[in-house]
Amino acid sequence: MITKKPLNIGMVGYSFMGRAHSNAFKQVGQFFDLPYRPVLKAACARNASAVQAFADQWGYDSVETDWRKLVARPDIDIIDIAAPNDMHHDIAIAAAEAGKMVMCEKPLGRTAKESLAMTEAVERAGVRNMVWYNYRRVPAVTLAKQWVDEGKFGRIFHYRAKFLQDWTMSTDLPQGGTGLWRLDASVAGSGVTGDLLAHCIDTAMWLNGPIAEVTAVTETFIKERKHQLTGEVQPVTIDDASLFLARFANGSLATFEATRYARGHKALYTLELNGQNASVFWDLHDLHRLQLFDHGDAGISRGWRSIHITDGDHPYMKNWWVPGLQIGYEHSFTHQVADFLGSLDSDTPAAPTFREARATDLVTDAVLASAKSRQWEQVMG
Amino acid sequence: MITKKPLNIGMVGYSFMGRAHSNAFKQVGQFFDLPYRPVLKAACARNASAVQAFADQWGYDSVETDWRKLVARPDIDIIDIAAPNDMHHDIAIAAAEAGKMVMCEKPLGRTAKESLAMTEAVERAGVRNMVWYNYRRVPAVTLAKQWVDEGKFGRIFHYRAKFLQDWTMSTDLPQGGTGLWRLDASVAGSGVTGDLLAHCIDTAMWLNGPIAEVTAVTETFIKERKHQLTGEVQPVTIDDASLFLARFANGSLATFEATRYARGHKALYTLELNGQNASVFWDLHDLHRLQLFDHGDAGISRGWRSIHITDGDHPYMKNWWVPGLQIGYEHSFTHQVADFLGSLDSDTPAAPTFREARATDLVTDAVLASAKSRQWEQVMG
Amino acid sequence: MITKKPLNIGMVGYSFMGRAHSNAFKQVGQFFDLPYRPVLKAACARNASAVQAFADQWGYDSVETDWRKLVARPDIDIIDIAAPNDMHHDIAIAAAEAGKMVMCEKPLGRTAKESLAMTEAVERAGVRNMVWYNYRRVPAVTLAKQWVDEGKFGRIFHYRAKFLQDWTMSTDLPQGGTGLWRLDASVAGSGVTGDLLAHCIDTAMWLNGPIAEVTAVTETFIKERKHQLTGEVQPVTIDDASLFLARFANGSLATFEATRYARGHKALYTLELNGQNASVFWDLHDLHRLQLFDHGDAGISRGWRSIHITDGDHPYMKNWWVPGLQIGYEHSFTHQVADFLGSLDSDTPAAPTFREARATDLVTDAVLASAKSRQWEQVMG
Amino acid sequence: MITKKPLNIGMVGYSFMGRAHSNAFKQVGQFFDLPYRPVLKAACARNASAVQAFADQWGYDSVETDWRKLVARPDIDIIDIAAPNDMHHDIAIAAAEAGKMVMCEKPLGRTAKESLAMTEAVERAGVRNMVWYNYRRVPAVTLAKQWVDEGKFGRIFHYRAKFLQDWTMSTDLPQGGTGLWRLDASVAGSGVTGDLLAHCIDTAMWLNGPIAEVTAVTETFIKERKHQLTGEVQPVTIDDASLFLARFANGSLATFEATRYARGHKALYTLELNGQNASVFWDLHDLHRLQLFDHGDAGISRGWRSIHITDGDHPYMKNWWVPGLQIGYEHSFTHQVADFLGSLDSDTPAAPTFREARATDLVTDAVLASAKSRQWEQVMG
């Protein structure tokens, strides 16, 4: 047995993403052969009892209630930021300056300005960094990317993506506060634009290259909500829905849409790419499948094929079970950790780095700008 | 313009199948170039006012209330039997003896004994004859047959078919009488065995060759029903469900099932064939699609493809609309008429002839025998 | 038998739409009880031999090669315009002035200006008029409309529609000429905007009310093609793809897209409407199904249900076969004729009238204007 | 924090099932609040280096190469048998006699005779025992069971299940030896009957009650294969395919089928139950969905609904992520551990116990007997 080098994780945050990341760190070593072994060293959050309960549940060795103390600890190798968006900037920069590797939940910053500062910090410090755009590591999506890289599609004409939810449609839902910071623009930066569209944009540019320009519309359907903490009825500051048309640098056209008002859809992230020679479609609600239309098939038998991405030659899948047995949502995080740890001894950092992830914030900035200006906006370089 | 030779149709029956056949005769000439032109000459049924209304609706030139008169008319070229099953035998034999071509709804006879007599009659008379197993002419099914004939599947291991309905589940439904003769075994011969399984068996043997032996079970779930005409509660004589396992002559194994007690299914006829090199699946509820799995595809991109059978190179489809635009149920009858008319000047009669259709009655006889004997039964040759 | 009043049809055009309309006129009387009976009186087209062959195939009594003569014939009751778009305007106005009822293929005009003149002509003449937006009469779509009218959806938040094809992707495809006039903007008016988007817009406004404003982008992917008649390479004048975002008058947001460059899609017209209480989805590739999500279902069993629109209580379906047996594309035209004939003795004309169909041309005008101005454009009233 | 009582696991076996069980033991505590905490104490297998590597990968404290030593260790609380079928009997009985709790992979015995001895041993010893029929704990399947228990379906008429694979179709595949013991009847007991049908039967009886009688057919398609260890060509002893018809004690009829020769299917376990009031369908290839047809829906909007089993009110799901995010295959094992640990302090043992699982072996015995006798066989009580 080769002894694997331990890497001590300092986790900031403990709710949805804190759990998803922790599970990935715990599970990765049993399924992937890696030179490094993540150790759940410290969990950090302002709420002392909550973070202690989280640490107990997940087996973290220790807790902190001040992220500055966590960043200062010499026994921490990696700071993982799973806290609300308004904390990304300060923590990431401090962690980089302390020489830690930094992982950060998406979106990187609330604005591209924030993410530029963060990017410059990690690059200045020379520390490895990565943003959790986990959908790149759903095996079906990874396979689509392989095919793009192989040139399977030929010239790309169209791309379309949407991310549809319906969990905020009730007027009774309060805004702000615990578990609801995504409804508070001062914390989240924006509504669905930064939350859901950001995923769509990251995958889109990974598969289809840079987005050149956009025209957008956003809407806040329910204008006022009670604030969870104050109990006062306040104007809603986030966008409930965000739609845009885009032209990619390669000349292809796209529609993008995200909303939390699409009754019947829980987390329906779909993407489709239409090329000269083939097309591909993927859907988060059946994330273990990839739909392919290959124009190279004999004419009489052409059709969309539904590929059950569970075979050993599909990305990441030889590490799991046997053909036919699907994995789920959480595995995308495990794959991302596997790629991150696997890349540490190489010159090529695992993607997306802060710099790569910042490209998405430039697009969301343009989307929000266009929704205001009611004109096409160029995406800044 | 080449003048097309008229062929005068004498139709017996006027309800579901009478309409389906009449529509095919009327529509075929607009979509298929054929040497013959069907003329709706006479409609025949015992109920004078009903048959007159039918004739008016469909444009039949005349009516008869006694099929013997119809058969005797010198101006009739083809007798088409769309009457209940207990009338097939006598009409078909009389028509053959009168030198008419004969088309007959399925099943050919209530028993293989009846269908043998009918077969011998048409062969003795030397008249063209055909049984309306219309599902062979659904383009998706026809394409599957083409692939079988090309050897695309290699050795066949498995076949499975089912025909699920739910329309007789209410205990209030009466039996017998107008529109309900399918629930009266003395008229229908059997229940779902002759009605639904017969379709499954015909297609199965067309695609996969003869069935050698079967083991079966049948059930009548609701034992008594009021008779529609008498109002009396009587024992139900038909089988509500009929299931069997089969071994084909080629060594493949099969499951067959038909029922009118499968809640949620209106007319779900599905078939699947698994071969060494490929598999195919079809479903009457989406009859314009054919599912194909081709093991010859590259491993990483193998999947079931859903072929939208609407392209010009798909069977029969160049005669209809443009790619993407589906046809429906009734078109299978139109195709059968087209094939029948198109074959008249050739030596190869359109399939299935009476003799070919009789093979199905031999299987349903074996199924019913096995359900009684509780043993495997060989299918008679 | 009640004698049905004959109505003599004068058909202009004989290709795709000429066939679809003729089939509807021929088939409607067998399936729908109507006070009027269409008679295929005369077919008209410039190409004498082609129109004669068409008339023979379909049973038209006579032919004309000059539409002005057709319009002048006293024995014609209805002029049906199935000719290329550049002929709609003149024929419709002349027909109206001659006192004929007028049916016209969509889009009504090449521009809203043309369609205004046509609308004023039929209204001035007081003749019944209708535009063939046939997808309204697909039973699944009609059912969605019923539910809208019943208020089943509550407040509408989102609408999305796309119409994807791939038949013009080959650079070898010529433009203009017989069967290819849809690629010539001088004849067609526009590319996919008037051809495909027009369908999407008509249904959308029928279901969700007026569109207030749009922002759009169009593209011509292949810039030059050989002209079929001259053999010369010429600039392509039509839009190959057309996408827009819209805000409806009711405040809901929408994405619309049409293209002929979406590899793998033949005629994938999909629409989805998301309301507070329910959502609905429909897809032309499986036109006999309607997907419904009903938030009123018990939480634990909520899901998208796929309704097989073949039951007797579904719109139009009691006139066809039995539950489970699907109809196809062509039936939407038959339904439209049935509604037209059925409305003649009432005060409510069958929809969409010229005036109603003109609303779509106002939207397509705004789409094309926005694609040029690169700004949001208000839809004119 | 409540300290959770540790339970020391002694795992026999280290391949597919050894991994699946170990993952469940490791992961359960992070997602379920339980009074007990499984500790990976010892892994056991004959191959010393293989089991050491497994222990290192999974964090087992120690290894054994003789299961008798493992059973004798006083620090082991639970013996988990993930070894080939021919070892179940001896290990389980010895473990029970040593007073250990026993978990055993399915099928419990190679025959019902073996499983009877095992059942009597655990009952005599009074130790908790469970068989890993993991598919009961797929949330969609568990939900179906809830509905059965609530009487949602009314009288049941039909059940159908199949488990289709294609991994043994190549004639080059050897039999016996490492990783291939499922192809050796002396080790496995039977082929697909005990491997795949056993799963179908366990779920079927859980949902629909006892099976009364069966008629079956089995087949070995490839008669001879090279043995992996000896290199000699030997007759294949297992069944490649196994099909049967069944009558349940409640009078419903069923088809069952399992095969490894269904090209295109990796692990397609499907089940469907048709009741008077509703029907339900589930499919392992999309295990996170459940299809429901509810006849109680309004007639016009009845359809099969696809329920995405990811909401907090679906079985087990509140413990995982958020609505819309699916789990995978492995989670069924985690749920089973959660139920086992959660039941230890109650009087109701987690199902299926050895006695409950033995019922499946009685059915597979009857299936194999019927395949030989070619007659219906009663299932022994």
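Odds and ends about this structure:
Labels A, B, C and D are assigned to the chains in the order they are written; within every chain, residues are numbered from 1.
The definition used in the following text is that a contact is a pair of C-beta atoms (placed from the backbone, for glycine too) under 8 Å apart; a residue touches a chain by one contact, two chains touch by 3 or more.
Worth saying up front: this structure is predicted, and the values here are computed from it rather than measured.
With A-B and A-D as the two chain pairs, more C-beta contacts join A-D. Averaging C-alpha coordinates per chain and comparing to chain A, the farthest chain turns out to be B.
Centres computed as Cα averages put chain A at a distance of 36 Å from chain D. Chain C has its Cα centroid 42 Å from the Cα centroid of chain A. Inter-chain spacing, taken between the CA centroids of chain A and chain B, is 55 Å.
Residue positions of chain B touching 2 or more other chains: 265, 302, 304, 308, 311.
On the chain D side of its complex with chain C, the touching residues are 143, 290, 292, 294, 297, 299-308, 311, 313-314. Chain D makes touch with chain A in their complex at residues 1, 16, 19-20, 22-23, 26-27, 29-30, 52-53, 56-59, 165, 167, 265-268, 284-289, 308, 310-311, 320-331. On the side of chain D, the complex with chain B involves touching residues 157-158, 160, 162, 164, 166, 169, 215-217, 219, 221, 241, 243-245, 247, 251, 253, 255, 257, 259, 261-265, 274-279, 293, 295, 302, 304, 374-376.
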